[in-house]
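Shared chain: chain A. Partners: chain B in the first complex, chain C in the second.
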Partner chain A sequence: MKTELLSLSDLVIGYDEPLSDPISLTVGPGEIVVILGPSGIGKTTLLRTVANLVMPLGGRSELHVEPAGGLGYIPQNLGLVRHATVAHNVALGAGVRMKWSFGMYAERRERVMKALSAVGMDHKASEPVRRLSGGQKRRVATARTLAQRPQLILADEFLSELDDINATGVMEAVFPLLAKGCSLIMVEHHEEHALKYATRVWELNDGRFSDLTVEAWKKRRMEGETE
Partner chain B sequence: MCMLTAFVSLVALGQGSSSQLDVITTARIVLGLDDATSVQSAIIWELRLPRVLMAIVGGVGLATAGALMQGCLGNPLVSPLTLGVASGAALGAALAIVVGFSITSIGAFAIAGNAFIFSLLVVFIIIQLGRYRSISAESYILVGIAITFIAGAVVSTLQFFATDAQLSQLAHWSFGSLSRPDMAVVLAVGICIVALLPQAMMWSWDLNALAMGGDDFAISTGVNPMRIRRNILVLSALMTSLIIAFTGMIGFVGLAAPHMSRLIIGNDYRKLLPASAVCGAFLMVFADTIGRTLFAPIVIPVGIMLAVIGGPVFMYLLLQSKGVQR
Partner chain C sequence: MKIRLFVIIGALSLLALALLSDLAGGDWGRFGDGLSDFVVFFTESMWPPDWSVLEPRTYPECESRFEFTCSIGYIGMVETLKIAFVSTILGFLGAILLSPLAARNLQSVWISIPVRILLAAVRSLPSLIWALLFVVVIGLGPLSGVLAMSFYTIGYLGKLQYETFEGMNSGPIEAGRAMGLSSRAIATNIVIPENSNHLLSQLIFMFEYNVRHGTVIGIVGAGGIGYYITNYLKFFQYEKVFALLILIFVVVIIIDLISLFARSFVNEQGDVRRPTWMNLLLKKTEEKSQADSLK
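Now for the complex of A and B:
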């Protein structure tokens, strides 16, 4: 059994033209990785390539998680069913990794309510998603992934549209899962939000990819500003 | 729908050229109310029952395979025929009939064995090429269409060099008929199809996620779209190959039955898969019964009857429905 959850070897991302030099790295349990870089540089493409939604131009991306539900993915557009209720949307995530049993429905309901209360949305369980604000929708999408109990979460700007208090609340809701060995890879525009929790930074800039610790990234940034 | 299918099946058992066996007599014998003579017994249990059972098994398998393919590729026009599975089977059968090339060494199963293996081979190629080019659903469909054309060209070339007898055999195979399989084959195919159905049902949740919003939505609910698409393609190809290897080309039921069911019960695959299976069985038994009785004693192959009867009904249903989309 491999300990790493993700391994990239000479991965080249892009659609027609390469967006980065070859990337080789691994991600182990309990890590929080933030992908930073200017807009349009390929951050989302990297995340989608890792999720196997986009074919790489070269190299390999291998996920070492359970095939059914081991990967949690929060897309930029959130992928919520607008006309369905909040609880129903979260149940879509909860159902994937559950084996059939007589108590399955009760367990699923319990999981849904637990995930919703973790992000502070349990009072909106029976509301249709279309009536929620942008920030509330992000919390529902996060709750859906929490209910799924994945081993690796890929999140595309899931903290945007959230104020400081709610962003902290959402991250705190993810922590218990991280403590159990789940890892989080997120694309974030709000550096201060993300860097507060990150253990690692992947930076994409001008086709160059860097895998840095948070301290190394901050140091490089300061040096760049000084120059 | 189940009751209707059972009723039509019972009527189908009573339809045929024998003057000794009308519908009522057959129904009384089947229900154990009357004793059958040896001739009646042979006609019912050895001739008509395998045919009706094969119609039910074939309808269930092909309609379920069609619904699975349409769901996992997100395209309502997909069926075992359009995806090249049937073309692979035709190529295998043509090779066995014209060239005498057979993968299986058992003479009686030379054509069926070839058809089965070549149709699975097509799916293997589709999956491999689909992965090579891209991983979208469209790439699987496009590769399937390309293979259909290639297989069609090879079959046409083989027909060009075939003798009259071989051409006749090939044409007969391509019509799709329920008269070929005997009871042992029907039971074997039936057991396999019944064994595969629970797996199809287990993937209905994943299919719902794929059908609701495509790959991005599916993966956000924890469903791995690439893996589930590959698995479902293999399962549906297995179901299709098992049936058309023994019956020949029967395509329409795989396209029409899921659509007809969708118009009645909606898009939830937890209900749509069993509904398509029952609808497929009904369509097959009904079309075969009409095909056997309309110009009796001439039997029109079920593949032709399905298109003749089902086509207009299908178009009527589609034109009548308002706003029911896949």
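Now for the complex of A and C:
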């Protein structure tokens, strides 16, 4: 049985033109990877390619997770159903890995409320998503993924639009999942926020891809600044 | 960008004018003569509307407390509304089952293309032809009308629905797909709720369309107010026809108001608390009484 959750081999990302040199790496359980780089460099494309939403220009991206519900995905626009309630959205995540049984609905409801209270949104369960603020919507998208209990989470800027307290709260809500072996790969513009939790940094810059430890990335940054 | 848009609109308008001229055979004078003929026809034959269509029929004798309910206008309109309601609901159920299969962002081309062809085939026969077919198969009466309009509704509403689904933001679908939700779960739990505003609007529009169209299919004996309109036309009773047309117009306006109200539950506009006339009047009275007490 494979221990890694994701393996990329000579993966070339992009739509028409390649956005990076070939990427080869693996991601194991319990890792927190932050993808950093300037805007428009291909961070979201990398995430979408890993989620199998974009065809790679070359190489292979393999997910070693359960096909139904093993992957949690929080896109940049969050992908919430705006006209449905908060509870409905979170239930989508909660139900995806459940097998039908008589007790399923009660269990799903319990899971939804637990996930919502973890991100402090349980009081908004019956509110339509369209009425929420940007930060609240991000917390709902996180709750949807928490309720899903995936093996790997791909999140595109899910800490943006959140103040420090809420960003910390959201990360703390994800920790129990990470402790159980789930991994998190996130694109984040707020470096200081993301680096607090990261175990690995993927940097995309001028078509070059680097897979670094947080310390190595910080060292490289400092060297770049002194030059 | 703006200039390009104006050029495109201008070119399309010129093309439409050229085609119109071609269709009219270059004889623009017909429009002027036609208009004056219509004014004469309207003032001499249609005006004033004959409201006797809202009076009870002489036979059979009216036994209702409300005599209005025995009038041609009421009986015809209620039958048309019944036909339109049943056929809209049946058509909607058929369309909502087929349209997620026809949407290219939800299904592969191997499924979506055949379903699109099926919907196009159903839609290409106008409801009048469907009505004729059903009158031949099951005879005269409202049931033929119901079946005819149900089939047409499936084709028409199905197209509106799958085009709405294809035009939606891809974010929720991608999130569902990445999560591993099945196509059925994506359609029922993401796509349909996300487009509820449009679906509701299309459903009510279709009901309104079927009410208006009930007048046409009545011509081939498929029941409804159209049956009475056809009879009055046969006997040149245009004042009565005009009265029934006004009745249809009023019903269409009422349906439009119902649509506005129903959609306010699923769109942002409904979230804005607007003052009602009642609130405004009460507030004025309240303010006045407060001012009086201060004096």
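The definition used in the following text is that the second predicted complex is superposed on the first by the 227 of 227 C-alpha atoms of A that agree within 3 Å, B and C clash if a C-alpha of one lies under 4 Å from a C-alpha of the other, contacts with A are read in each partner's own complex, and residues count from 1 in each chain.
What we mean here is this: a residue touches a chain if its C-beta (ideal position, glycine included) is under 8 Å from a C-beta of that chain, and two chains touch if they have at least 3 such contacts.
On a predicted model such as this, the values are computed, not experimentally measured, just so you know.
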Joint occupancy of chain A by chain B and chain C, clash or fit: clash
Which of chain B and chain C A:His88 touches, first, second, both or neither: second
Which of chain B and chain C A:Gly79 touches, first, second, both or neither: both
First (chain B), second (chain C), both or neither touched by A:Gln148: both
Chain A residues touched - chain C or chain B, whichever exceeds: C
Chain B versus chain C as contact partner of A:Arg208, first or second or both or neither: neither
Touching partner for A:Ala68 - first (chain B), second (chain C), both, neither: both
First (chain B), second (chain C), both or neither touched by A:Lys180: neither
Partner chain in contact with A:Arg131 - chain B first, chain C second, else both or neither: second
Contacts of A:Arg60 with chain B and chain C, given as first, second, both or neither: neither
Segment of chain C that clashes with chain B, given the candidates 133-141, 187-195 or 259-267: 187-195
Footprint overlap on chain A, comparing chain B with chain C: 51-53, 67-69, 71-75, 77-79, 81, 92-93, 95-96, 148, 150
Contacting residues of chain C [partner chain A, same complex]: 169, 171-182, 185, 189-190, 193-197, 266-268, 271
Complex contacts: residues of chain A adjacent to chain B: 51-53, 55, 67-69, 71-75, 77-79, 81, 92-93, 95-97, 141, 144-145, 148, 150
Residues on chain A engaged by chain C in the complex (per definition of touch): 48, 51-53, 66-75, 77-84, 88, 92-93, 95-96, 128, 130-131, 148, 150, 154
Chain B residues within the chain A interface of the complex: 134-135, 205-206, 209, 212-213, 215-217, 219-227
